[in-house]
Amino acid sequence: MTTSGKTASAAYLRTTVAPPERPPPLTSGPLAWLRENLLSSPLNVALTLAGLYIVYVLVPPAVRFLLVDAVWTGEDRNACLVSAAGQPVGACWAFVASRLRYFVYGAYPDGQLWRVNLVFALCAAGIVWLLWTRAPRKDLGAIFFFGLFPVAAVVLLYGWPAIGLPHVHTSLWGGVVVTLVVAFAGIVVSLPFGVLLALGRRSRLPLVRLVSVTFIEFWRGVPLITVLIMANTMLPLFLPGNMSPDKLLRPLVGVALFASAYMAEVVRGGLQAIPKGQFEGAASLGLNYWQTTRLVVLPQALRIVIPGIVNTFIGLFKDTSLVSIVGIFDLMRTIEVSLADPRWATPVTAASGYAFAAIFYFVCCFGMSRYSIAMEKRLATGHKRQETDR
Amino acid sequence: TLDQVKQRGVLHCGSNPGLAGFAVADDKGQWTGFDVAFCRAVAAAIFDDPAKVRFIPLTAKDRFTAVQSGEVDVLIRNTTWTMSRDTSLGLNLGPVNYYDGQGFIVRSSLGLKSAKELEGASVCVQQGTTTELNLADFFRANNIKYEPVTYASAVEAVKAYDSGRCDAFTTDASALYAERLRLTAPDEHVVLPEIISKEPFAPVVRHGDDQWFDLVQWTVNATINAEELGVTKANVDEQLKSENPEVRRLLGVEGNFGEGIGLPADWAVRIIRHVGNYGEIFAANLGPDSPLKIDRGLNRLWTNGGILYAPPIR
Amino acid sequence: MTSAAQQAGQSARHLGGAPVIRMIDVHKWYGEFHVLRDINLDVARGERIVICGPSGSGKSTLIRCINRLEEYQKGRIIVGDVELTNNIKRIDEVRREVGMVFQHFNLFPHLTILENCTLAPIWVRKIPKKEAEATAMRYLERVKIPEQAHKYPGQLSGGQQQRVAIARSLCMNPKIMLFDEPTSALDPEMVKEVLDTMVSLAMEGMTMLVVTHEMGFARQVADRVIFMDQGQIVEMNTPTEFFSNPQHERTKLFLGQILH
Amino acid sequence: MTSAAQQAGQSARHLGGAPVIRMIDVHKWYGEFHVLRDINLDVARGERIVICGPSGSGKSTLIRCINRLEEYQKGRIIVGDVELTNNIKRIDEVRREVGMVFQHFNLFPHLTILENCTLAPIWVRKIPKKEAEATAMRYLERVKIPEQAHKYPGQLSGGQQQRVAIARSLCMNPKIMLFDEPTSALDPEMVKEVLDTMVSLAMEGMTMLVVTHEMGFARQVADRVIFMDQGQIVEMNTPTEFFSNPQHERTKLFLGQILH
Amino acid sequence: MARTPPVQSPPPDRGDATGSWLYNPAVRGAAYQVALAAAVVLILYEASTNAIENMRRLGIVSGFGFWNAPAGFDINQRLISYSSTYSTYGEAFWVGLLNTLLVASAGIVLATVIGFVVGIARLSRNRIVSFLAACYVEFFRNIPLLLQLYVWYNAVLRALPAPRQSLSTADAVFLNNRGLFVPAPVFGEGSGLLLVAAVLACAAIAVFGRWARRDQDRTGRQHATGLVSLALFAGFMALGWFAAGRPVTFNVPDLRGFNIVGGLQIYPEFVALLLGLSIYTASFIAEIVRAGMLSVSRGQTEAAYSLGLRPGITQRLVIIPQAMRVIVPPLTSQLLNLTKNSSLAVAIGYPDLVQVFMGTVLNQTGQAIECVVITMLVYLLLSLLTSLAMNIYNRRVAIVER
């Protein structure tokens, strides 16, 4: 201490307020951010450089391929072979454009496309209704989406001559339509079925529990592709006599069973989160088991597991691509088949087709996952508010 | 089965999901091809309308189950007639509508003359077909080492061959010509001369309905007989007036042979009027009028040095 | 009949009504743990009983036996004129007549206050919705929170939630109300509003069994105070006697701790 | 040098020891937020300092700067004879000599109590395990829980856990101990056992900086009490003076709220 | 009235005399269960009689007679000896199963490594690194694995040259669109000694490790176990190598004809499948790792630092052991997914269990039920074993609470 003994008291009293000051330069602002986050140590600098290098290696070629050098119009492969100027060609969007109808509708008859479009529109409406948090009457929305819409979709897509809609056999369906049909059928069946299984797994009746657990663990233990192959080859054997399920129906059954098992586990998570007091409250009011389940437990449990359901759906949506392996013309397969079209055989055709598929799946899945994260955040804050309020 | 089909009003015909020349569907779902034509012939015989067919695309794996289960009434899909298939799968096959054999396609730049030079080559092949077994047999018999690369679908196998994964691609020779068209540069590939197997293609129906089996059999036979007798799409109506007793029997002017297969007497007329005779079907889908330009080879009439020989109608 | 039962019978008779709850020689076990022992208790119509005792003494278990949230293994419990057995029909009958309020409210968080109150009347009593809502509003007014009817439980304070829970039970028109420490999860300033509601309920003649440590409440409204320890009813008396002149050693100790 | 620094120096001298902690003109920012302003403080060997002040006033930040859990942007902090800079070696040296006890104990839940206590001695001081365990047992006895040595933190009560945390710090033989609200996460009945431990530590002459609102503790053991507000040291005095005769308006207000 | 009733044991289950059995929950429960059991049995019975009837009608013979019948087809990648002439369908099954296990175990290692690297990168304070890691995760997990496999397979194939233009190093390692060819070790006489040396080395490392731990316990000294182990291993192996007279020769791959002959061939199908599986699964593992690391509260790090522990040791002894408890259960389920997903091999021609057994064998024999059931049972068994192991692990590491 340089200054010595002015007052001999241990006491100190601040007389002048030290006002807040701006931080010294280089401790805040964008430069500080840079220093702090990118350049704080030699290792960090190296990482930054490596990261930038990776960006440099990946991004410009991707942009060049997808946009700058891409061919947007053309009638056949000549458009996408090495360009007139002798430059290498990027993505052949002309190919995608010319096959787009096939990718979306498959071989669905031309005059009947409005039916598919109507189904798309109804589906979109239902999704918005259910997922948009401020939409009114969610209960009606659910009835519409899980009850009316599937029936309407089947009638529209498959046809019903009695009301003037000619049959369109499922072998003509294809592309995005089939992808959506498979994914949607999976979710529509798996939700109620998964709920039942989850309830069964928590039942106090040992046999019910055993059956549920066996069912769930069986489907969760085997790969989807084996389920699909099984549905394809064995389902007809298990049905009586000449009953031969439609080709598209078989994977649907497989997917639905498979998805139910996963859904059951998701729902079970929600059921477990319901405090015991809810059951007791309901019991003390005289509600019976099914009333309690339907009116008190499930509404809460399902709300909690919406993110989980969405995640299951994302997985299901991606997994629909596997039906292409058993010969169903989903988006994946229409693309695969189109790649073999000699009229469009160029070095970039495959890459373009895959890029298109990747973009399609990515946009759908990423969108859904963002939604589920947002939902999760909302749920988390919702719970917190409730707790502090108490 | 015939009653079912009539009642349903449409024939369910199992077909290859995409093999140029034999069965291809365009973007709109319109099917064309050699096998397709025979499906249409059956439909024409029954309904007098070749459009009353629904084509059910089947992979190599699930085609037999589809017949067994009754999902399709008949399978006309470059299916090889083998004893085991005929006897132990609950199926009936025949008669042959195309005599084929398994061959190899390789890059011309390799300069190969024979499949026996494929020592150490890798060969792309489709899974679950006789092809896979023939391949193994051939290399085993000739004591040559090779590396099989097996794919679930022909599309995949061809794609892999095209991209250089394999030195050779093997399948039925007819399909080789068809698949060659799908390659990026078809001219740079040659089909090797060896035919390593007998592959008689025949329609497949279920065991147990002999009348239906007969119907399918004689539909094929009718086209062959028609060619032999010079009855064509164009002249079939004229030929009705023909004096040739064989022609008259074929076209139902004399006798009623349709009765035995549950069809009216003019069943063959319907077939020829709508789809043509064997030669016309071949020419339009595989031969000179098609991009494949396959030589008829064995599939010439017996009178022309081939082995195509249909039992007479009498 | 043991002496405890005689006493219980007498106190009930003392009030003149026919007993609406009769517990005779009730025993209950959790596995090997003997949680209720030799419980004998008659509750007359309109009687208000407060149960107290140290933690773990079986108070909650006792009242939960009355609406069969817990099974008992020995003895008999008769509510109204229904004996509690494994007969589901009978249990439902009893639960319809017995309301229960919990420590943690156990409101249904996904339903509005009004829906919470109308759920059981609509589904159990099969009352038309309109009517059920009118009744619910009446009871919500009674517990002084009609204006919150369309909010969700999460938006209410603890005291308000507990009052909703009371209203929810009342909507079923129960003949008996059970309270399991209704104020112990509440912040001190909210305790009073709930107790006030309960007092006014008592004044109207509702039969009530209340597990609580609010001795002021016991003094004010109880007809009898019961002290439990280790699964037994140790002492039972009028509040005046109970507080001024506890008999049992345990009771004295307990009261010593609780009445600072 | 500002007057504040002078004052701090003087108070240290007043106690006669050489300062073991010197904070000179320390400023710290979180982004744009000026969280510590113009801090000057000398702590003599053996001195016990209690820091109090409203929430968010920077108390935690201040003591966390001393063992470099936080960086500061301006000024100097010297602990022992090591100045805290970005030199990792030096930071390690300081941390070895400075023990810290947190509000939430921060015991390692996957290690037993004994392993919690021996981890740092073995890996930092490179002491043989036997020896480290002996020391640990000594300190566990000192905080009166030797019998829990082989349990896991999750099996202990809050108060016991906090005492383990103290023992764990002591096992490193620190010259200085920092406490950040060590009792504020505890149930009332456990506060005392922890404070007792701290008092006995203080009696043995450990240099201590304690952030706490336990004013009884401050009265009993503190050499100086520091009051912080808005990142500044507002007032500093002996406990007697501080409590009986607070000078600053803020201090008065704060004490008014806190002393019932 | 204060006579204390004695503590008693519960009476035997009380039959209910008064309640109508119709409303007895026990009776009802039993009824439900009987109904369910009846339904299950009925379904199973229906399915099996239908199957039997259908098979009889279609003339399909069931049974496992085919297991020992000659297979007649070839498989390119095989870990056990197999040839179309002499081998049976049963052996084909084992070839397929081993191929599945091979790609799954390689994938498990690779996916775990990538997953941890990316997961930790996501937590990096370097914004570019964490951003790239986030992009990696979002990109790969939102695109179907099948599509990724196609892309990898075609990308791997197309990027590589034909055999004659192989990339090669020292004329011993070749890379082309037929795969990667490396010298294959041929174990000659005396190779056994190498094995002995390896075993000895491991023993020595174990002994040293134990000694090092003891020594640290005793004296507090710390030892560079990793380095010493490496040195020990190298030393022993070298010793064994020369003692046995250099027993191992290498079969060096060679360009002959139009293909590479000899050496060890790593097939592009394998590489594509491995890459696809690992990269896809790693994107999920990365999220799990991140969540696990974040689940360890900041206070743990601070407490460790304030005890003077260095960051490295803090990670090793404090953070990672705690994070692992959170990470391991979902990690195993991801690794199980990886194993199951390896069945997508069928799409790109890698001869795994599904491709060989559920594909070729099923088609050649027509024994659909047998093949499907066996294949599913294999996967089921793998799953059950894994969950069993998982449960044991969970029980062992569960944080003890009171």
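As written, the chains take the letters A, B, C, D and E, and residue 1 is the first residue of each chain.
FYI, a contact is a pair of C-beta atoms (placed from the backbone, for glycine too) under 8 Å apart; a residue touches a chain by one contact, two chains touch by 3 or more.
Chain identities (UniProt): A, E = General L-amino acid transport system permease protein; C, D = General L-amino acid transport system ATP-binding protein.
Note that the structure is predicted; figures quoted are calculated from it, not measured.
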Labels of chains that are neighbours to chain A and to chain C: E
Chain located farthest away, centre of chain D as origin (C-alpha): B
Longest centre-to-centre distance from chain C, chain (CA-based): B
Inter-chain pair with the most contacting C-beta pairs: A-E
Chain closest to the middle [Cα centroid of all protein chains]: A
Length of the line joining the C-alpha centres of chain B and chain E, rounded to whole Å: 45
CA centroid of chain C to CA centroid of chain E, Å: 57
Length of the line joining the C-alpha centres of chain A and chain D, rounded to whole Å: 51
In chain B, residues with contacts to at least two other chains: 61, 65, 68-69, 152, 156, 159
Overlap residues in chain D, where contacts from two or more other chains coincide: none
Shared-contact residues (touching 2 or more other chains) in chain A: 233, 236-237, 325, 336, 350
All chain pairs that touch each other: A-B, A-C, A-D, A-E, B-E, C-E, D-E
Contact set on chain A toward chain D in their complex: 1-3, 5-14, 17-18, 20-24, 27-28
Sites on chain B touched by chain E in the complex: 60-61, 64-65, 68-69, 88-90, 110, 119-122, 127-129, 132-133, 135-137, 139-140, 146-152, 156-157, 159-160, 163-165, 167, 206-208
Parts of chain E lying in touch with chain B, wherever the complex brings them together: 54, 57-61, 72-76, 84-85, 154, 157-158, 162, 177-178, 256-259, 261, 268-269, 346-349, 351, 355, 359-360, 362-364, 366, 368
Interfacial residue positions of chain E with respect to chain D in the complex: 216-222, 297, 299-300, 302-310, 313, 317-318, 321-322, 325, 397, 399-402
For the chain C and chain A complex, residues of the former touching the latter: 67, 69, 88, 92, 95-96, 98-100, 102, 104-110, 119-120, 123-124, 153-158, 161, 168-169, 172, 185
